[in-house]
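Both of the next two complexes hold subunit A, though its partner changes from subunit B to subunit C.
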Partner chain A sequence: MIKIKDLTVSYKSRTGKVRALDSVNAEIGNGEIFGIVGESGSGKSTMAMTIMGLLPRNSLIEAGSIEVDGKEIIGLKPEEARKIRGKKISLVFQGAMNTLNPLMKIEDQVAEPLLIHREAKREEALRRARETLEIIGLDSYTWKKYPHELSGGMKQRAVIATAIVMNPGTIIADEPSTALDVITQVQIMNILRRLQREMDITVIFISHDFPLVSEMADRIMILYGGKVSEVGSNRKILEEPGHPYTRGLINSVPTMTPGRRLEAIPGEPVNIRDPPEGCRFRPRCTFAGEGCETYSYKPVEAGQGHLVYCVKYGEGKNAGSS
Partner chain B sequence: MQEVLKIENLKKHYKPRGRVASRSSYIKALDGVNLLVPEGEIHSIVGETGSGKSTLGRIVAGLVEPTEGRVTVNGIDMFNSSRDKVRDLRKKVQIIFQDPYGSLNPRFTVKKIIEEPLKLNHVEFDRERITDILRKVGLTPPEDYMNRYPHELSGGQRQRVSIARSFVVNPSFVVADEPVSMLDASMRVSFLDLIAEIQRERGISMILISHDISIAYYLSRKINVLYLGRIVEYGNADDVVNDAMHPYTKALVQSVPKLGKIEEKEVEIKGNIQTSSSSISGCKFRDRCMFAMEKCATEDPGLKEVKKDHYVACHLY
Partner chain C sequence: MNDDFSFWKEFKSNRKGVAGLIIVGFFAMMALLAPLISPYDPNATNPSLFLAPSSSVHIFGTNTLGQDLFSRDVYGAQISLIVGIAAGAVAVAIGLVAGLVSGYMGGLIDEIIMRVVDFFIVIPAIVFMIIVAALLGPSLINIIMVIGLLSWAPTARIIRSMVLSIREWPFVESAKANNAGNTYIMFRHIFPNVTSVLYGNAMLAISAAIFTQAALVFLGVGNVTSISWGEIIRQAYTTGALSSGDMLYVLPPGIFIFVLIFGFILMGYALEEIMNPRLRTIKG
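What follows is the complex of A and B.
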């Protein structure tokens, strides 16, 4: 169980402080696939980096807490953080396949975390590495290969193997398939599904691709401009979306249905260096009106575990679903 | 209807890097492609990385010379005509690139970026032509944008500039190479609508290059599915998507994410495009195909009209 409370993270830049995450709350249950959707500037990657303790030097956790199985992980000493990072929670990010060491055989790279964490001796580590490689569908002929001998999809699988070889309870997959081809993407998604189903791993799946997240996640959180705009079960989000942004995302998915017109969301993603007052989505929202400029992000409970961060929710104009 | 673009038996072979290569080991990025785009239509080329789709776009835009074959625009041969004719043609064919970060000169203002193709093509123009196109692509008021540099613009605004640059010379043909793949999902539809609107208003013909068949479906009348340098399926967008015949097209359609949770996604395909060789005999897709037969190894399946206006290159049909 991961509990995120009032998490606020900012970056220092030459032009001042930029708040990338602003009072974000989330509860991620054991064994679920928790999807986080957001476009550039939404804070979705900052969230992953904060949980992993991998924020860059110019960042600052202004407020909030992250509890993993009841234990606070913000402000941990480096050696204690290491016990969580990679061991309890691991990360696979976009383009991670390019971070493989070109001079190391695949099986050695997958075994490396076990050696670094002193979990196993070399022989045992290699055995477990091979076992893990097999689980994610890399046959023995790849074990002794070097990264340049494998395709992008195979390398990304090897990275996933490295992430799960320590048996972490949770894996954060931040745009794990973005640089890959559509067909390879399906294969990577199936691997993540299997990790959750068969190994009971919690998957935090982060992507800009709303339909892809909807295919994967049990629950979905939608971030916009560093704020949560809606969170709920997959079914609720798709069938009874409460936030105009969520509806915009749904209506603009090219579903290849004959005769269906897509509806564009007007405008551009919010510039988090200079966010608007009140609701961040306001300048793009067709429902914007009174109260939006002063909105303090008090959520409305639209159902059990379904929170909508919109002051207009339930107010006639914005009541119906898409 | 008159065709604007006609491509006949187009081939582009690259020599493998750093090797003394025999002819047969050449990488066949394009291996005999035929294409007809009539006036005012958008046709798309869909395929994965390595399918040859960008090579095709670059040849049509005149940026790369083909190894073999003919490309004609408005009846003029792009690579075998007099210099004057070719220069004239270049004005008529424009390209929109994928990357709005890499394709704009960082030292040029927006005004200068848009003036550049006009100057290069010796077109007389006034300030109004620039402000008109900026307004058209949604950079309003134009005066606010004219003197800005690319780094002062957001990704979306940059791509608007690059669309303006392509359309300002009044091209008769435009190659749009993944025009929305670098944009945030919430902006994609509005950009596709913008491109379609300008295209319709001006009666421009276009090829759209995309790895995403759902985007091709949204924007184009016909879809060509390209695999290792060959068109494996061609037809009306609706037929190719909703009545896909080639196993590769089926896999592409299946792999498009749809709304709603699924437990496991079935895609009937093996391996990936990088591990296949473009010089394989017979059908180039056979080593990834679940339905491969003996015949597939020996006989090259040509593109056949299997249903009305719906062509497929596969021995299953």
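What follows is the complex of A and C.
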């Protein structure tokens, strides 16, 4: 169980402070697939980095807390953080890039976390690494290969293996399928789903690809400009989207229906250096009006844990055609 | 497929590398087998043979003490190789660690190390070495340390520049996510990725050290009692053999120094080409 409360993270830049995440709340239950969707600059990767303690030097956690199984992890001493980072929660990187060291054999890279955490001696670590590689669908043929000898999908599998070799309760997959072709994407998604089902791993799935997340996730959180705009179960969000932005996302997914024009969300993504007052989606929203400028991001309950961060939704005034 | 890339196979098909290896191998044999090759004890003096000219018994003639110059030239290879390789190794080792730390840690540490590097690059090395060597005394170890400790700066700079780009690669972040410490990341992840430059650089450092050692001895710094090529040239100069045109006194050690350095440089180029595929030429 991961509880994120009022998390506010900013980056210092020459032009001033930029808030990448602004009072974000989330609860991620054990064994679920939690999807985080947002466009670039929405703060989705910052969230992953904050949980992992990997924020760059110019960043600052201004407020908030992250509890993992009831234990606060912000501000932990390094030796305490070691027990969580990589061990309880681990990160699946994009495999297409140089996430694997080009000069290390696959099995050595997968065994590495075990050695770093002194969980096992080399022999034992290699044995466990190979087991993990097999679970993930990479057979002995690949164990002694270098990353450049593998295909993109195989590399992504190896990256997942590195993340789960320590048997973490939670993995955060940050855009794990980017730069892979759709067939390989499906395979990777199936692996993640299998891990969740068979090994009871909580998967935090981060992507800009809304259809993909809605395929995968049990619950979805939609971020916009560093703020949550909607959280809820997959089905509720797809069937009764409460936020105009969510509706825009759903409508902008291409379908096979002939003659249907693809709807795009008007305007441009929010500039988080200088966000608008009140609701950040306001400048692009067709329902914007009174109250939006002063909106304080007080969530509106839509039942079954479905929260919509929109004043107009509370007033019942944002429904209808979008 | 795994054995597709064999270092030795690559090296053998690289002409520069083979030429360099033959040259260095030649001098290595000369140094190792010196007692067998040289016809005389290089230190045995013979007052009756004062600056004897070249003859069938003393092919390069003798020096003022009547010592056989050919034997001394053969023995000279020992010092050059020992000092060259040892000082080169010291310089590369220090340069490697300094470059890794500087590039990876960044910030104030980087700033300090790089200003020290600037200092060593700006200061005329030979002058500095003469002073330090004079203070330390002329033993072999001291000369190795002086050359090594004062010539690591270029290596540090090259390594740093590579580390600056490698540390941004995702696998470094991935290692951090797995909780790897800084030292671990530097040596396990970044170091293997800079070795391509390191080997070539080591060869250059060795050749520079060989030259510096000869230059220092020529200037009278270091152990002038041991036999080395620089020392033979210095004697030729001080006894006037150089000005009187006794070419067989001066040229052989001079050519040996030049050729040995050239051999190491060739090997350096070859290693760089092999380790960095972008430099590899298409064999026609």
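Everything below uses one rule, namely that the second predicted complex is superposed on the first by the 311 of 322 C-alpha atoms of A that agree within 3 Å, B and C clash if a C-alpha of one lies under 4 Å from a C-alpha of the other, contacts with A are read in each partner's own complex, and residues count from 1 in each chain.
To be clear about the criterion, a contact is a pair of C-beta atoms (placed from the backbone, for glycine too) under 8 Å apart; a residue touches a chain by one contact, two chains touch by 3 or more.
This is a predicted model, so every value here is computed, not measured.
Using the contact criterion defined above for the overlaid structures, shared-chain residue A:Glu149 touches subunit C, although it does not reach subunit B.
Applying the stated contact rule after C-alpha superposition, one finds that A:Gly248 touches subunit B and leaves subunit C untouched.
Of the two partner chains, neither subunit B nor subunit C is touched by A:Thr286. When the shared chain is aligned, subunit C comes close enough to touch A:Arg82, but subunit B does not.
After overlaying the two complexes on the shared chain, residue contacts for A:Glu263 are found with subunit B alone; subunit C is out of touch. Contact with subunit C, but none with subunit B, is seen for A:Leu54 once the two complexes are overlaid on the shared chain.
In the superposition on chain A, A:Ala217 makes contact with subunit B only, while subunit C stays out of contact range.
Taking subunit A as the reference chain, the count of touched residues is higher for B when subunit B and subunit C are set side by side. In the superposition on chain A, A:Met104 contacts subunit C only, with no contact to subunit B.
Residues 52, 54, 81-82, 85-87, 90-91, 93-94, 97-104, 112-113, 116-117, 144-145, 149, 159, 162 of subunit A are the ones that touch subunit C when the two sit in their complex. Across the complex, subunit B is touched by residues 39-40, 151-153, 181-187, 189-190, 193, 197, 208-212, 214-218, 234-235, 238, 245, 248-250, 252-256, 258, 262-266, 268-269, 271 of subunit A. Those residues of subunit C that touch subunit A in the shared complex are 1-2, 169-171, 173-181, 184, 189, 192-193. The residues of subunit B lying in touch with subunit A in their complex are 48-49, 154-157, 184-190, 192-193, 211-215, 217-218, 238, 241-242, 251-265, 267, 269, 272-275.
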